[in-house]
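The same chain A turns up in both complexes below, where it pairs with chain B and then with chain C.
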Partner chain A sequence: MIIGRTRIELEPRLNSPRWLVLAVPLASVFLALSVGGIFLMLNGHSPVQTYSKLLSSGYTTFYGITDTLGLATPLICTGLAAAFAFRMNLFNIGEEGQMYLGMIGGAWAGIALADHLPALVAVPVVLAIGALTGGLWVLVPAVLRAKLGTSEIVSTLLLNYVALNLVNYFIFGSRGFFRDPSTSFPQGRAVSANARLGNFGTTNTYPTLVIAALLAIVLWWFIRNSNYGYETSVYADSPNTARYAGMNATRLTISVLLVSGALAGLGGAMYVVGPAGKVDPGLLQIGLGYAGIVVASLARYNFVAVVITAILFAGLRIGGAALQISSNPVPIAIAVVLQGSVLLFALGGEIFRRNRIRIRRTQPVVFSTKADA
Partner chain B sequence: MNSNVWVLTFADGISIATTLILASLGAIITERSGVINLGIEGMLLMGAVTAFLVGDGTHNIWLALFLAVLVGMAMATVHAVLTITLRSNQIVSGLALVIFGTGLSQFIGKSVEGKPRPVRIEPIDFGALSDIPIIGPVVFNHDPITYLTWVGALIASWYLFRTRPGLVLRATGDAPATVDAQGVSVAAVRYAHTIAGGALVGLAGGWFMLARGTAWSQAATTNGIGWIALALVVFAAWRPLRAIIGAVLFGFTLQVPYTLQGQQIRIFPPEILQMLPYLATLAVLVVLSTPRARRLLGAPTMLGQPFVRDER
Partner chain C sequence: MTNASPEAAQGSHRVSGAALFALSARRVTKRFPGILANDRVDFDLAVGEVHTLLGENGAGKSTLASVLCGLYKPDEGAVLRNGTQVRLTSPRHGLLNGIAMVHQHFRLVDRFTVAENVVLGHRRLPFLLRASELESQVAEMAERFGLPIDPRATVGELSAGQRQRVEIVKALYQGAEILLLDEPTALLAPPEVEKLFETVRAMTATGKSVVFVSHKLGEVVDISDRITVMRDGRVTGSVKRGEADTRQLAELMVGRDINLARRLSRSAKGEPLLALDNVTLHRHGSDIVKKISLNVCAGEIVGVAGVSGNGQRELAELVTGLQVPSSGSITIREVSINGIGARQVRANGLAYVPEDRLGTGLAPSLTIVDNLVLTRTRGFFVNRRAAQVEAEDFITQLEIKTPSALTQTRKLSGGNAQKVLLAREIFSKGDQSRIIVVCSPTRGLDVGAVETVHKLLDEARSAGKAVLLISEDLDEVLTLADRILVLYRGEVVHEVNGISVDVEAVGHAMAGLS
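The block that comes next holds the complex of A and B.
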């Protein structure tokens, strides 16, 4: 790009220096807070006060931190789900719906099966069935993508709206299996006590957090060390190379999307096993599926980084909720604004991490054309 | 139930189609230049909340729509800077815009949440013409923007296929290197059309709020119409005139659940009916992905690819 007599060139870096790997996300967070601050001020709130309350309630108090960890648990799962698919350039953006289906599947197992199972087996069964239903929800988009090349972006997204209405149907529109028969108030039927995990003490943190974090490490290890992980990495870099090397693109595409859906579904099942204990429309309000996409992108599809990013993000959300309890409440949506802007700035910052920017003075171009803009 | 109800449903479908046509025209123009902007849903929401707030404050419909257009352009500019200049991933940038737009519209719309629509874009009064059976409600009962939208689709089609800038635009999406070799700036073409597309999407959101919306109800206001518009682009094979046909069909599908509910026809529970437009869209996408359909469609070849000239 040439501006006047200054020429700006991008030179790809072979490896990014360590300080930049940290500086880009930190700068993104700072810039996002500034953008959020402008909107806070326009809305008559003090950015400094709002942010200090947001950060202190999400990250410093004991219950703040444990609430954050509790909310982070399903978010880690949706983040892993997005990372698993996105790193192979398969843009599954249906985590939201897959998570709802995981909640439905998990609740089904918790109601229908858990009573007949020993407590030790019941929870894993509930989680597994939740993962299975989440995976099945992405089966159609996965097969379409692999066989016909149908854009998985639009198909997975459209199914989110179907899943949303499905949950609403089960709780508000029918008096079927998933609805509590003992009351006319629309709420989910409670799963068997066998299918629940107790919380830690009086907090909102559940042992599922440990499962989610361990899962992230297992995935990280698996992708680095397994043949399958190697194949997905090759395919991500160059689908043609993968094809020449005899890798089965159809099988890879379908399996990656199914695993991604299963991870999101697991998040929904963890919500059943942990705080909810039923099909709970509360999950529809917090957008953990969409947030998972942001988390995965910020973590640059690194599974271990997903865990950390998810916890940071959950803190924003918990802090955001605390902001509403005040004489001049700040809408909780500020947390979503911050998420969106962090992602936008982080995306823009990528180029500085990947490239060295060179600014040179140039001789005036004699045969000037517009071509170089 | 009488046939009149279905005529009205169809007329309503045509009315809803205005949003779909505007949004998909915006997407077509953007995508023809090789840039895919998935942020439409977020831009619609921002356009809608802007129109609501301005309409609430000034009761001036045209100012409200104008600012909705500006907001759409601003968001498209963000996408353009990120994807064209900074060469970010277009998919992720679009998704970030959806999240940002959803959050920001909720944030600034909090004070008017649940409040009824302040001003309404009224249909043009055609007098006796609108009383003609069938043709009256279908053709002569819409507001100025709806008619402008139809004209706009005609103009867009003429621009794309009959003018030189339109030719350059299509070439930029299909073979940017050739355009570059001709001495035309690929970046400039992409910027211009991404931002122009954003203007149309912003208008779509603003119009939807003031003509179809009843109250500002957060993300449920648009309820995924932006994604349906994106599917519509594929359906229309990136051609403005086909987008009209598709939009009317999709608009009709979106309206059917409400008609059936209004008529007390309970073949399906309402929640199941609400799924239909999304399932129908998905079904259409599937049919369009068959190899035979694909040959006929012709998506811009370099859609989603950043253009970097091979230097030296």
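The block that comes next holds the complex of A and C.
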């Protein structure tokens, strides 16, 4: 770009300095808040007051933090699900639906199996079956992608709508297995008490948070050290190299998508084990599956970073919701605008991490032959 | 003239003193991140002249050509057209000044016809195109410069040589007076090269000027009126026709004495390790590899020569188990490897150095250590500690220039990346791999790296390994191979002992004339 005599150039960095890895996201958040501030002012709210309330409700008060951590728990799972697939360039955007299926599968196990199991085993079984159903939900897109090259973006996205209507059908459209038979009010049948985990004190945080965080660390370690992790890294970097080395691309593609679906399903099952205790259509309203994609890209597909970005993101949600409860409520849309701008700026900021900005003054040297001739 | 440095003023004097040059570069400097690609380069092209830019890969000659045609803007210095400074902002702007470049990798639309490609991007096209009219225009233009080409042919079906003709016709059609040819002979068989030279002579005869960018010393001496040699971004010398001495030019190119003669250490031939019997690969209705029979013995290098795209890649993939033959059998030590998969073929003692280094042989974003692990047997966990030790060994032994063993391979130069790849494949642990399939191992490498690669292959042969060398570089095959096969349209059309080679016959076979 040339402005007057100043030339602004982007130059690829050979190495990104470490401080930039932190500075770019921080600057992105700051800029996103500034953009959100404009919208707030247009709505007649003070940005400073609103943000301080948002921050305190989301992050600094005791119940704020615990609410945030509670919401972050399934979000970590869907974030890990997205990161696991996206780092392989497999764009599973069906975490939403896979999470619903995890909820359905988990609730089924909680209703049908948990009573016959000892308490210690019941919860892991519910979580495992939730993960399994989440994984199975992506089986068809995975096989189509691996065998026929069908775009997994389209197939996984469309299955989200199928899953959404499946949940609606179970609760509102039928009087089947998942619907509470004791009341005419449409709600899910409660799972066995065996299949639930108690919350911490009076908070909305559940022990599943610890499971999700540990899972992130285990995944990070596993991908770094295992042969499976190595093969996925090679395939992600260069499919031709993977083929050259005799790796089985079909098996890698299918397994990565299945694990991704299982992680999202696990998030749904954690919702059952924790706050919901049943198939709860409330999960359809908060879009934790789609948010998982945002969380994963903000974390640049690093599993441990997903935990942090999920908590930050959940805090924005909780804080945004709290802003509505006041004499002068801020529309929830503002919180959504903020989330959107954080993502936009963070992704845009990548340019500055990968490139160096050079500003040069162009000094035209005049060469002329006519003058001497 | 206020801003001009004294040297620059002198430079402009020189220009005004001599006859006007069609195109000149004055103190052109161009930087890329971490590289000074052109360092105060001066270059003059007279009208009607063939001026060759000679240099190794990475010497900066393609960069200079790109500056001259308007693709790159120089950081410092100037480009002069007929003695007047021009600031070219784009290749299109260059074209308006009569300057066109034919890139090494063609920029044509495969699905369009020749005529459509030629007129593509031309400024003054009518709103509705009349195909027959354009076709006759293109045919006439091609005829005039001795470029036989069917304007109605689809470009996707043409050979590399024919596509190049399309590019040249296109440049001429758009009014180019100056043609920059970047490595134009890289993809051509010897007879096609001769044809290209005829075209170049036909062009200069009508007053057009040609810049010929090449690293092939041998072939440029004939065609050039002048040769300017570049090394490390600088001009190291410039000689006129008749003054050129191959040895002297080579020294200017490399900066030291090099031995251009064939260096062979013959070793006794052992038992046959790899054998192909009537192997055919049938794809999309045609035989890409057709009834090939060959064997490679311990202690010999069998060279497969041929122009790119005649089934070399497929042959390599068949032998290495990446593709399954439609018919025929491939055996390693008399054990069939048909359909057992690349991993099993490797386990039977075969190593493979593919043509595409970064992107097939090596994973570009992974470290050297991780790339060494690639073709080793791995357990449930990856043992990087052993690979790290091995990597550091290779780095010292082969003088691989890298900050550390944990550097991403894409940050290495082509030669260093190739050393990593060769080291992994040739010196596999326990030395169990006895057959090595190598494809175009020196493509794009500078003379120093070429020497190392050839030495490694020579040593592998002396160590009793069986080497199948598939290369488009005929000189390389001639230098290394004990036996030479020529591949044309998937068939072996010529076979000759490596010691008594009739080079002309091999060249003819490569062009499908035998």
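Throughout what follows, the second predicted complex is superposed on the first by the 347 of 373 C-alpha atoms of A that agree within 3 Å, B and C clash if a C-alpha of one lies under 4 Å from a C-alpha of the other, contacts with A are read in each partner's own complex, and residues count from 1 in each chain.
By our rule, contacts are C-beta pairs under 8 Å (C-beta built on N, C-alpha and C of every residue); 3 or more make two chains touch, one makes a residue touch a chain.
The model shown is predicted, which means the values in this text are computed figures rather than measured ones.
Looking at the superposed arrangement, the partner reaching more residues of chain A, out of chain B and chain C, is B. In the superposition on chain A, contact is made by A:Tyr290 with chain B only, not with chain C. In the superposition on chain A, no contact is made by A:Thr202 with either chain B or chain C.
Looking at the shared chain after the overlay, A:Ser327 reaches neither chain B nor chain C. Of the two partner chains, chain C is the only one that A:Arg243 touches; chain B does not reach it. Once the two complexes are laid over each other on the shared chain, residue contacts for A:Gly173 go to chain B alone; chain C is not touched.
By the touch criterion defined above, A:Ser182 reaches neither chain B nor chain C.
Residues common to the contacts of chain A with chain B and with chain C across the two structures: 369-371, 373.
Against chain A, the residues of chain B that register as touching in their complex are 38, 42, 78, 81-82, 86-89, 91-93, 95-104, 106-108, 110, 180, 183-185, 187-188, 223-224, 227-228, 230-231, 234, 269-272, 274-275, 278-279, 281-282, 285-286, 289-291, 294. Remark: chain C residues 1-5, 8, 11-13, 15-16, 26, 33-34, 76-78, 80, 83-85, 321-322, 341-346, 352, 354, 356, 359-366, 370, 373-375, 378-382, 411 touch chain A in the complex. Here chain A touches chain B in the complex through residues 39, 43, 86, 91, 93, 140, 144, 148-151, 153-155, 157-162, 165-166, 168-169, 172-174, 290-291, 293-294, 297, 331, 333-341, 343-344, 347-348, 350-351, 369-371, 373, going by the rule given at the top.
Listed in rising order, the residues of chain A touching chain C in the complex are 11-14, 225-227, 229-230, 233-234, 237-238, 240-246, 356, 363-373.
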